[in-house]
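The two complexes that follow have chain A in common; it is paired with chain B in the first and with chain C in the second.
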Partner chain A sequence: DSHIQYERVGADVTMKCGSMDWDAAVTWTANGTDIDESHLNGSYLILKNVDLSQSGQYSCYEGSSWHLKYQTYLKVGTPPKEPVLMCRSNNYPKGFYCSWHLPTPTYIPNTFNISVIHGTKDMVCEKDAVPKNRCHIRYLQLFSTVKYKVTLTVTNALGKNYTAVTFDEFAIVKPDPPESVVAKPVPNNPRRLEVSWQNPSSWPDPESFPLKFFLRYRPLILDQWQHVELSDGTSHTITDAYAGKEYIIQVAAKDNDIGTWSDWSVAVHATPWTEEPKHLTTEAQITETTSTSTSSFMAPPTTKICDKGAVVGSGAVAVCWTAGLVVAAYSVLFI
Partner chain B sequence: GDSWGIFTFLCAALCNLPALPALNCSEELGAGQSIQQTYDLTRYLEHQLRTLAGTYLNYLGPPFNEPDFTPPRLARAERVPSATVDLDLWRGLTDNARLAANYRAYSRLLCYLRVLDGQVGTAELRHRLAHFCASLQGLVLSIGGVMSSLGYPLPAGPAAPPAPPGAPAAPNDFLKKMDDFWLLKELQTWLWRSAKDFNRLKKKVPPAVVTLRLEARGF
Partner chain C sequence: MAAADSPSTALRRRDLCSRGIRLAGKMRADVVDLLDTYVEQQGLDASATVAAVEGVPLAAVERWDEQTGTQRLLENLAAYRAFRALLAQMLEEQREQLGEADAGLGRALAAVLLQVSAFAYHLEELLRLESRGVPGEEGDGPPPPPRLSLFEQKLRGLGVLRELAQWAVRSARDLRQLAKPSPATGTAPGLAESP
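After this line comes the complex of A and B, so read on.
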């Protein structure tokens, strides 16, 4: 019959051929390959200072009859090191989740056991199917003064280890990063970029638990970020972008009052609007190119700047007026 | 014994706040604005408390100033009003109940803090506590102002000693320190909770509401 045997890396392993006597003539194989007699002490197989590569199926056969007398599966591994445990509330006030992992692999199966104590009460942390090594808890009470203590024990055939974390309800609040970050150039504004985003979908109640945001942006060619903190709203217009330079933009979120900032969102790239012909695709482009070929006495057409769709912001209005005045001046000259 | 009597007297004297004067300026100050100001005050106090608590816990000494210190809550500590509440219950609170809970809690917490102020050893702590108590009184008045402008009655004042006279004063130094620890903890939690309470109120009470109510009352 078959066995499984767990041994530590570096240990010396002695395998007996079942119930055979010490002086019986046997042959050992490892994964089907014969093992040299030098490793035998009588009918015992001696493996010194085992390493991971020696994991496998070991079989012992009676010398002459080649009967299978004993078989075992050797699994070489290590006892678990202290696990790494992290708890976080990305869905406040619903609850929190804890996730864990081992700093180094053990190469053999491990069992994890998690316990949560709130004051004197034991709470159940429900294990998630996906991802593994994660469990979640629903808050029964809000605004608790009593800390939570989460203990994680990891056990395998070679040993056990544990770690614990203690925290206040408020300390572990950390939303997920904002979603659907979009950055767009603003037509006729070479120094502006319009950024918009959405609350992370995991945050259940932004009405009662509003989020505030932190935006950072820089042109790709520079290392220094610029920052803007926004206490409400899910959009912002950058007004000091360098003309024509491609920007990288990210947003982070935080509960207005408690906890810590989320990780940065996925980065988006955008370049402010420029006057290069290849960027313009409206009728105005055609009028501009045709007008430049006519006589210089002709007043420049006003459609390009004062076009209804293109007028954005007070800067454009001033230009509109200026163009109107220029036309008036020329008209007076011609009268 | 004696110390309990002194405590009771102190509390009664310090907590006899004058009746809140009718706010004449409430017609100009929309309830929405007052709620915003009250919210801002809680944030300011929470910030102040962090420094105050750090100093005070160091004054109490170990283990009170250790980060993971979680002493058991003895029955006596229940005198301090707790911010802890069932989630659904908290969500379902009426505006009146929400404001009243805050008003009551801070009135009592202020009371306890004032007693503390009279007992601490160092001048620095006394100064900090006095400053904090002044700000906290401002918060109580601010909440009262919001309630008045919305037409809600103020909860009965904390004139009576906050605990049954039969309860003994802390029999020893350590238990007294534990009471102080929990007082600061509850205060901190209340300030976190109030930020959320006032966020909710902000959304639900638009400035227009107060003018309608004042008209109805013949202002």
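After this line comes the complex of A and C, so read on.
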């Protein structure tokens, strides 16, 4: 007969060779490898202070005949710690889901049991096939002030533990991030970027349950974000972008009335439209490239020394117009 | 079956719905602020569970998405009429209890009462637009409830405000449903049914 034996990390384990007497001559193997006699007490196998690496198949053979007398699978593990449980509604008003995990692995199989109570009413949380540690519930009532209590119990062969969360219907509403975020330059507008996105596909009824959005953007060269909150629509034009600078842009969503903000969407990058560089520049362009920015943030001075349009020459001899002018001015002085 | 809406009726309904949604939003924000003030000034625990109080209309509803437009309007109207009476009672009790000590709380209660009355009127307008007829308010109302202790009054007040905050959210949702054009007839969903 094959058995499974669960033992805690650090425990001392004694294995009997089935019905063999204590003084019988036996050989023990672990995963097919003979175990040294120093671990035997008579025919008993003694494993002290077991660790995870000692999990495996242990077999006991009668000394002379090599008949298999006993076999067991030793699984070394730990009792479960308090599980981490989270519930969220990303598809309001259809329902919500709860997901859980253990803070540290137990290394042995665990069973999870979840119960949901709304007031005094028991509700069934249907387990998802994928991922395994998740279940979902359909709302039977909306707009209730009565709280939900979700209790999760985790059990394994070495012990059990549990946790519970209590919340009201509105508090757990958190949409998924907006999808398909696109940012494009606007032709002939060096300071604009057009951003558009879509409602998360998991949000079932954006018409009756509209979302509002939060846009954040910054040039890659700066750390500070600009923020814009938008109460409707799924597009926005940024009008204060730094000319020629690559931007990173993200969007988040929230139900108009309840719940919390989604995580940030996947980031998109875009650079505002710039004019094609010309070989000869006019006085007006020199003035434009050397004037100070009118935005609320000032770019670090080093990024403003050489704007694309002010460079003359090519290869190793490219010289900025502004630097060139200064040099020319000094040259004139010394002629 | 009622005839399809005239364009002016549809426009008026959409206008009343959008204004109602804004009213509900403002009302909710003010009720949430009032709740914080109320809890603090009445010395209550914000996380206290208050059992359903008789006479306080519960916002909780099953099969909300299946409700007709008329049902939504009638349930909303009944609720806000009840809140109008409850808030008036709370204001009266608050004045008796504390006199001038909590003038701020009294003003906030009065402001919310005004918004509740305005919203009830708004709902009556929507019902009139649907030629549904506005249900009359019960003559003298229900008999006055038994006198509660001071603590019971405070707890009931907490229950009233919490439920009102839920209703304000529900009402905005209800009005958005009402404002949706029905794909087949062009009327609002649930309103083009026989009386």
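What we mean here is this: the second predicted complex is superposed on the first by the 276 of 335 C-alpha atoms of A that agree within 3 Å, B and C clash if a C-alpha of one lies under 4 Å from a C-alpha of the other, contacts with A are read in each partner's own complex, and residues count from 1 in each chain.
The rule is short, and it goes like this: a residue touches a chain if its C-beta (ideal position, glycine included) is under 8 Å from a C-beta of that chain, and two chains touch if they have at least 3 such contacts.
Computed from a prediction, not measured in an experiment: that's the story for all the values here.
> Quick one: on chain A, after the overlay, do chain B and chain C clash, or do they fit? Just give me the call.
Superposition result for chain B and chain C: clash.
> Which partner does A:K147 reach: the first (chain B), the second (chain C), both, or neither?
Both partners.
> Once the shared chain is lined up, is A:P93 touching chain B (first), chain C (second), both, or neither of them?
Once the two structures are laid over each other on A, A:P93 reaches both partners.
> Please work out whether A:I221 is in contact with chain B alone, chain C alone, both, or neither, and reply first, second, both or neither.
After superposing on A, A:I221 lies clear of both chain B and chain C.
> In the superposed arrangement, does chain B or chain C reach more residues of chain A?
Counted on chain A, the partner with more touching residues turns out to be B.
> Using the superposition on A, tell me which residues of chain A are in contact with chain B and, in the other complex, with chain C.
93, 140-147, 170, 207-210, 257-258
> Which part of chain A faces chain B closely enough to touch in the complex?
Spelled out, the residues of chain A in touch with chain B are 93, 119-120, 139-147, 149, 166, 170, 207-210, 256-258.
> Along chain B, where are the residues that touch chain A in the complex?
43, 46, 68, 70, 72-73, 82-87, 90-91, 182, 185-186, 188-190, 192-193, 195-196, 199-200, 203
> Quick check on the complex: what are the chain C residues that touch chain A?
25, 28, 49, 58-62, 64-65, 162-163, 166-167, 169-170, 172-173, 176-177, 180
> Under the definition above, what is the set of chain A residues touching chain C in their complex?
Those in contact with chain C are residues 93, 140-147, 170, 207-210, 257-258.
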